[in-house]
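So that we are looking at the same thing, I have put the structure below in structure tokens.
Chain naming follows the written order as A, B and C, and within any one chain the residues start at number 1.
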Amino acid sequence: MKKKKLNLRVLLTYGILAAVCVLVFVLIETGVASRQFKSLVVPLCVNMMLALSLNLIVGFLGELTLGHAGFMSVGAYAGCLLSVYLEGTMPMALRLPLVMLFGGLVAALFGLVIGIPVLRLKGDYLAIVTLAFGEIIRSIILNLDFTGGAAGINNVPRDIYRGSNYLIAFVLVFITLIVITNLVYSKQGRAITAIRDNRIAAESIGINITYYKLLAFVIAAFFAGVAGVLYGHNIGQLDANKFDYNRSIEILVIVVLGGMGSIPGSLIAAGLITVIPEVLRTFSDYRLLVYAIVLIAVMIINASPRMQALRARFSVRRLWKLIRGRRRKKEA
Amino acid sequence: MSFISNLIGGLSLGSIYALIALGYTMVYGIAKMLNFAHGDIIMVGAFTIFTAASSLGGNPFVAILCGLVTCVILGVLTEKIAYKPLRGSSPLAVLITAIGVSYFLQSVALLIFGSTQRPFPKLFSLSPIRIGKDLVIKGESIVTLGVTLVIMAGIMLLINKTKIGKAMLAVSEDKGAAQLMGVNVNRTISITFAIGSALAAVAGLFYGLTYNFIGPYTGSMPGIKAFVAAVFGGIGSIPGAMIGGILLGVIENLSKGYISTELSDGIVFAVLILVLLIKPTGLLGKKIAEKV
Amino acid sequence: MKKAICMLLVCALLSLCLVGCGNDGNSDYTLVIGGIGPTTGVAATYGTAVKNGAQLAVNEINAAGGINGMQIKYLFEDDQHNPETAVNAYNTLMDKGMQILMGTVTSKPCIAVAEVAREDNIFQITPSGSAVDCIKYDNAFRICFNDPDQGTASAQYIKQQNLAQKIAIIYDKSDVYSTGITEKFEAKAGELGLNIVAKEAFTSSSATDFSAQLQNIKNADADLVFLPIYYEAAAYILTQSKSAGLETKFFGCDGLDGVIDQLGEQNAAAAEGVMLLTPFVATAEDAKTKKFSQDYKAAYGEMPNQFAADAYDAIYTIKAACEKANVKGDMSVSDICNALKAAMLQIEIDGLTGKMTWSANGEPNKEPKAMKIVNGIYEAM
């Protein structure tokens, strides 16, 4: 019975997301959508992928990392460099999946190599070490020749931006969503959440802590890498400075805002964080001020214990029950 | 000679980090939250002193007092408005709110003072000390180091020897139990934030005196570096923040001097990682026994 | 249920920017010029200067009757110095009916926008995007010098004037402008037999403390420090080198303009003797610059920097080209672009940043002036 309910919930997420995608598709293809709207679609998908993957570490594994942008940059550079190299030798339909996979795998490899030593740290110490790794990666990219240093790479094929190729971004979001939900609701996923809830208890029933921590870390790094490749092919260039700790924090903001361990939450929050600054353009100079106020307000409304209690009292579900209860009483 | 010069440069940089890290670690140790907006309170402090010094006739003490008062009020207010409603929810939620506060302070400063950096008033004239021909020690550096040491000692005395200090320790151990023992938790946390923000004002003063320029984003980078320093020394530990800050500055300067200025960002972080892998709770951090 | 509501909320927000701003319709009477640059974030100084400098020119032109009888409608969007946001800003402006693009201010976002602007074939003129790739397509022109040229010119000038034998460089490893100049400067210096004794870097995350770099330069016994950086970082370097007792000459490029005001009265001594190769100085004595500096100071409360002057020139360049090509407000974006592309090669502008003509690759032909700061003001060398 319980299992069925879970599946229903997941299916609902899929369904709503698919409906939104179809809606966006219709809006764009019928020409109703503004250009600003169109240019937001892919960045939104990138943020969704990043948030989903970071949620695996922060929400489900319960570890704080501040280096997610580092994995994104490794994947982006690996995938985009390969794409530049392969451009013209094969059709886009073949090249794009190949470079995405490559970018993801390189990022996953970095996740593995970095994960083995650092995952024995906990809490803020892990956060700082991952932040440090992110900054080291940035520093190295700025100093290497083949990454272009500060000039970065400027000739990444802009496959995603042109035409109706934003659909590729939808597909990638769905793949990320399906893989991560399946993982979370599988045996492995339960092991991962068990580690979050009580590490020692999990260990005592024979869960291999290191293995599952690494698993979550590597998968998250993989999707961050793919998101990086997607980002590069949308904007057509890479700049190491855009993958600094501020970017990691931005992703963390999405995850926490959406609720740790909530997959639909990550998707919705990614939408909010991408769209709000653009909607606020009408405030011109006050844009970031309003953004900051909105962020604080949403956090307080969403996460404060008192507000949560209040919301529980006036929730739609409760209201529904109340009405139904009354009706039943009347009938009786 | 150049080694000593580099070492002195590192100490001067490190004492600024340490001063900021003290505020960071104190708030963390007692309120158990990472106050990412701490760096921006430093910026506010520096700008207040800047404004007060240019409009109130240039008496340095009045200006500093203005800075202190503004930061204390700001710190307590942000705690009441932005952090207190989230007490009891996940620490990460508070962290994100702190980031929001940080954006808020930055954009307010941007709107008021504009994006151009401002020259910080020279409130005191401190002449540099010259030893021999090549060695120059800036007056500001010595004062910063001295003040940081005094503040560290002061905080340790406050926490370990006074009644309010005991209350702070109790709150940091267990809020519920502290309340049952008659400790006013809200007041204690407010006082913690007041002291932390006052420290930020002091840090803003010395940052301005040492580096001469302030802008709306002045606080964010030192804030992150000080966070690193605080973790390096063992977050929550007062002497740890001091040692972490100083070491971070020295390592940064020596790696610029002797290895490579191009890679120095990376080297500093690599050393940090190495230290944390050997001592997973920082240099002076307490090892927390886990309960099942 | 809650989720569905949230999703709806997101959709509502999305649709807000969907319908937000309709095109007012291009009429004969207005010409819409869009500007993009960072007005928030760490690069905000540059974007704000461009926004203001261009606004000044627009006000003047509109007061004097506009371009070909059309009033300019000038719109400016923030890009936070981020390529992705810059493309969003560009598309927002297109939604608002932009016909000519004056931007973007910083190089990396400019490259990203140039890609999209080419697809629309919109006329683009960047006041200050100095990386070579900013104007790689034929619809794009620029006002400022490009990075490689500045590096080469600096090395040549130092050699010609025999300013130094042992040169040290302090550059920003994380900035395109700075690395671009440095690379070409080194190459040219090597060619000319100048000796580079120290090459010291910093990054955006360590741009306030230069004690180690200055110590290294002291150890290398350099007699000139080349600063291919912006004036904010230079202000730190100059004040710190004074207190560290470093007695060298300093030489910079156009990014250094603004350093006098940045240092302010109390640090003025640190700027003494600094040399720079720049097309614009705010304190120049000619009538045009004087008027511009006065108006700018009156409107925005601070002295203009090179970015503001570039933007001011950019607007007047657009005006001259539009008049040459007889552009009308009801022409399509692409038609305007084609007309202006041809006109750009024929016009000559006598602007704040010198006399300029353009070649088909979009680069301006103009002469930098060598300046030296003496008693707190620039003097021609």
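Keep this in mind: a contact is a pair of C-beta atoms (placed from the backbone, for glycine too) under 8 Å apart; a residue touches a chain by one contact, two chains touch by 3 or more.
Given the structure is predicted, the values throughout are model-derived calculations rather than measurements.
Without chain C, the rest of the assembly holds together as one piece through touching.
The greater number of contacting C-beta pairs, out of the two interfaces B-C and A-B, is seen for A-B.
Seen from the Cα centre of chain B, the chain whose own Cα centre is farthest off is C. The centroid of the Cα atoms in chain B and the matching centroid in chain C are 35 Å apart. Chain A and chain B have Cα centroids lying 32 Å from one another.
Contacts with at least two other chains are made by residues 39-40, 173, 203, 205 of chain C. Counting partner chains per residue, chain A has residues 135, 139, 142-143, 285, 288 touching two or more of them. Contacts with at least two other chains are made by residues 107, 110, 262, 265 of chain B. By the touch criterion stated above, chain A contacts chain B in their complex at residues 58, 64, 117-118, 120-122, 124-125, 128-129, 131-133, 135-136, 138-140, 142-143, 198-201, 204, 245, 249, 252-253, 256-257, 260, 285-286, 288-289, 291-293, 295-296, 299-300, 303-308.
By the touch criterion stated above, chain C contacts chain B in their complex at residues 39-42, 44-45, 48, 173, 200-203, 205-206, 208-209, 211-213, 215-216, 218-219, 232, 235-236, 239, 243-245, 262-267, 302. Within the complex formed with chain C, the chain B residues making contact are 2, 5-6, 9-10, 12-13, 107, 110, 114-119, 121-122, 128, 130, 134, 136, 138, 211-213, 215-217, 221-222, 252-254, 256-257, 260-262, 264-265.
The touching residues of chain C, counted against chain A in their complex, run 1-7, 9-11, 13-14, 16-21, 39-40, 77-78, 82-85, 87-92, 94-95, 108, 111-112, 115-116, 119, 131, 133, 172-176, 178-180, 203-205.
For chain A in complex with chain C, the residues that touch the partner chain are 12-13, 16, 20, 23-24, 27, 32-40, 43, 135, 139, 142-143, 149-152, 154, 158, 161-162, 231, 234-237, 239-242, 244, 264, 268, 271-272, 275-279, 281-282, 284-285, 287-288, 315-317.
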